[in-house]
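Notes follow the structure.
In this document, chain identifiers A, B and C correspond to the written order of the chains, with residue numbering beginning at 1 in each.
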Amino acid sequence: MSDVSGTETPEAAVEAEPTEAVAPDPHALDANHADLQARLESALGDAILEQSPVFGMPVLRVRRNAWRDVAELCKHSLDCDYLSFIAGIDWMPAPKEGGADAASDTSSPVQPTETTYGAAGSEGRFQVFARVQSTSRHWGVTFKADVDEDALLVQSWVPVYPGADWHERECWEMYGFVFDGHPALRHLYLPSEFEGHPLRKDYPLLARVVKPWPGLVDVEPMPGEAEEPTSDAAATAEEAS
Amino acid sequence: MTAFHGPLTLALEIGWGTTLAIKTVMILMIVPLTALVLGYVFLLKMMSHMQSRLGPMDPGGFHGWFQLVGDGIKFIQKEDIIPGQADRRVFAAAPAVVVISTFLIFLVIPAGPDIIVKDLNVGVFYALAVSSLSVIGVLMAGWASANKFSLLGALRAAAQLIAYELPLLLAVVGVVIQAGTMSLQGIVGFQSTGSIFGWSGIGFPFIFTQFIGFALFLIAAQAELTQTPFDMPVAESELVAGYMVEYTGFRFLFFFIGEFGTAFAFSAIAATLFLGGWALPASWGIPLGVMRFLGPGVLFAKIMAVSFLMFWVRFTYPRLREDQLQALAWKFLIPIALFNILMTGVFKVAF
Amino acid sequence: MSTTNPPLPEFDIDPRAFRHLADAQVGVELVTGDMILNLGPQHPATHGTLRLVVRLDGERVISADPVIGYMHRGYEKLSEFRTYPQITTLINRIDWLSSFANEVPFIDAAEQLMDVQAPPRAQYIRTILTELSRIATFVLFLGEMGLQVGALTPAFYGFRDREHILNLIESATGGRFHPNFNRIGGVKDDLPWGWINETRTAMKTIFDACDTFEDLLVGNEIFQARTRSIGIIPPELGVAYGVSGSNLRASGVDWDLRRDGKPYLVYPELDFKVWTHPDGDSFARYWVRLQETRESARMVLQMLEQMPAGPIMAKVPRIIKVPAGEAWVETENPLGQMGYYVFSKGATGPFRVKIRSASFSNVSILPWLLRGVFVPDVITILASLYFILGDIDR
């Protein structure tokens, strides 16, 4: 009742660098998805810029002018009738709150400051990625496409998958991608007069703008623990509850 | 057919005007009381127990009997808000129209041999005619509220109430044919002194021959009261009280009294027409003087039985959509009612 | 499929003709304007703060436009500034009726990136709690759909029977609604003493509850009249919109991620049936969820038999730094397909989390689905699709 798990078979159409001879590649594709990958490669040819499976799921980065063709190919020839989602990603590392020399905001995890890209690479800062699946063949694939930072134009999937309507509205409102062919790009979550595109990395987390992080505060020890000196005297006088 | 128009013998002479005044005051007091009792017993307690919960338990100490009285006091002291865009006079008049129609029904319901405000010759006809006055009140309320949800509710209500007038009326025609009179006291007398195939042990309540009529009357009454399964006008999960939604405080209380008072009145009419009303069978030989005291109690018991049925259906069934509701009335209930009348007439003449 | 505004519904005759049928001989054209009705955001039928701007012609809907976002909490933005345990607390609140099920795919993605396997007992506990949350959600649905259609009583039964499940979840995790129980590498605590027997008893009451709902509502003629042929979702259109879960299975599409997707938790070791219904109307959605509730109860009983002993937490470092990479995990949640695409750059918190929530896609079909239906049917359809606002708005 379940497909063969990718972690058992070491066969793969493409593998990441093999770490050891005996360790199975966690990213390897199973037979079903390898078949899908092969079909995609033969149908798309050089529209695929890069591809790299992620934990048994094919991930392909395609040319931006092939974005809608990819959707049509999947829906009409590959039985991928189900649209899972369309989303965007901004690869720029988030600037430090308050500038590079500001007092450290210890509330958030420290992310690396160099720009690195994900599974199938990226040309620039913005990418749009989408996933389609097949309910009958039980396979699925994720596509990525670069979005030009200056032009921010993406082909719309609405003529192919009507469900793309709301996903693309959300992408536009969160990142600013303009979808060419979408009937009406308007705000989905945010009020109509909202300015800015919140999920971009240069858009700050408004909770911190409204009330800046107060820094480390005195922490009371749990009942029963020995009284320990607090690690850092706080600048503010707020008591942690 | 025996009539119970015996003289009212009391220690002192009471004139016509005083009698009228006393009767008016009694009706004005009784109607809200009946609404209260019905509301408490069935809406708060029976519904709660059917839904595996207890209902109000604290107010008043014993199973929360004071709850509705407390609610009434609460409603009276609330702020009276009239929406800005509303038509003020119509808005204020609408609950009054609904409640007046309730009071008017109580004028002909007999509770004992002499305990009736006025025993009209056309009692049944009058009661059902006057109960349809509330349609006007509902329409006024929905229109004057300046609220689209209220308007939707009022329009649904108007269509529904008018549609179900016919089955209501036709259902009692069978009773009238059998009793030969439209006077409610006369119908009670007929049932009490009648006999089934010569055995007069329990009199002759019309429910035995008019079971179709009884079922139709209950269904049509349910629809007239806009209770589930016919509560589209006040569909709680869509329109949130429909035409009543803009009413606060005392005016809302009027609607509440109107709804439950009318429920009581319709149950009383059903009990009178089909179950024998205030009378116990004459063959039991209880003297009239005792019936003057027992009558109201007997009637009350029968009303509770009928109301139990109505409210039980109310809490169990989902609601019908407006067009399904209309189809039920026009295409199903009315033909059955006509058939019932036909059969009653045939049997009346044949036997 | 047209991408412009949905066309007017096709009638045999123009519905406006009804209005002046009586004046037909007079020949007066009575053209009345359409009415715009705002259902919500505060409305008992919309399960939260969903606003439906509906254009009505009498009682028929011409067009419906859902306005969402009243509960948008910005989880995807917040996730970029939080550590993994903190995000687990947040995502509990996406679908708050079955909160445990929301945590599972996220933790699974993090564990994949860290190359950590939760021990078998932890997997069983996770699966049991997921199925319990599925039962809790569906039992409430069974009662509450009756409420939307007008029957007052089943709603109370739904809440009452849900209490049994919530008590179980509370005794195991400490939280009725928001367990916050998963950790990367396993679960927080082992099950309390006597919990297995309590669960067995609770499953018996769930079977009884399902029978009650079947007697009370499924066979009721009025319920059938209100739900049959209402809101039919054609399967090809449903999948193209991303409708998933019981809604899709009620249209006849035999697809369940527990059986057909990438194996997760202990579903490969369980024996269960996937229920579908060919009709695709509101009644089918109700029926499928009723059967799935029973199926989940059977699965829980199976798992209680099969559960192994052992540790409940794998060896993970105290401060968790997830290696760089990306992972996508999708699960069959009670509301549909839920997935998390986690991008990590090696820090204690993710770089980006894309949350694919089921109700978002389920609700996106409403503009198409509500054309030409009556206002009461709008309520029935909303109830049968069963979305949670937190799931739509994140």
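Criterion: contacts are C-beta pairs under 8 Å (C-beta built on N, C-alpha and C of every residue); 3 or more make two chains touch, one makes a residue touch a chain.
Not measured: the values here are computed from a predicted model.
When every chain is represented by the mean of its C-alpha atoms, the one lying closest to the mean of all protein C-alpha atoms is C. Using the mean of the Cα atoms as each chain's centre, the chain most removed from subunit A is B.
Measuring from the averaged C-alpha position of subunit B to that of subunit C gives a distance of 44 Å. Centre-to-centre spacing of subunit A and subunit C amounts to 23 Å, using the average Cα coordinate of each chain. Subunit A and subunit B have centres, each the mean of its CA atoms, that are 65 Å apart. Counting partner chains per residue, subunit A has no residue touching two or more of them. Listed in rising order, the residues of subunit C touching subunit B in the complex are 35, 37, 43-45, 59, 146-153, 156-157, 160, 216-217, 220, 222-223, 225-226, 374-377, 379.
Across the interface of their complex, subunit C is touched by residues 47, 50-53, 148-149, 152, 228-229, 231-232, 235-238, 240, 315-324 of subunit B. Across the complex, subunit C meets subunit A through its residues 1, 3-5, 68-69, 72, 74, 76-78, 80-83, 112, 115, 236-237, 239-244, 248, 253-255, 259-263, 267-268, 324-328, 330, 337, 339, 341, 343, 345-349, 351-352, 354, 356, 360-361, 364-365, 368, 393. Taken together, the subunit A residues at the contact with subunit C in this complex read 1-3, 5-6, 26, 54-57, 75, 81-85, 87, 89-90, 94, 107-112, 116, 118-119, 129, 131, 135-136, 138, 142, 158-159, 161-163, 165-166, 174, 181-183, 187-191, 198-199, 201, 205.
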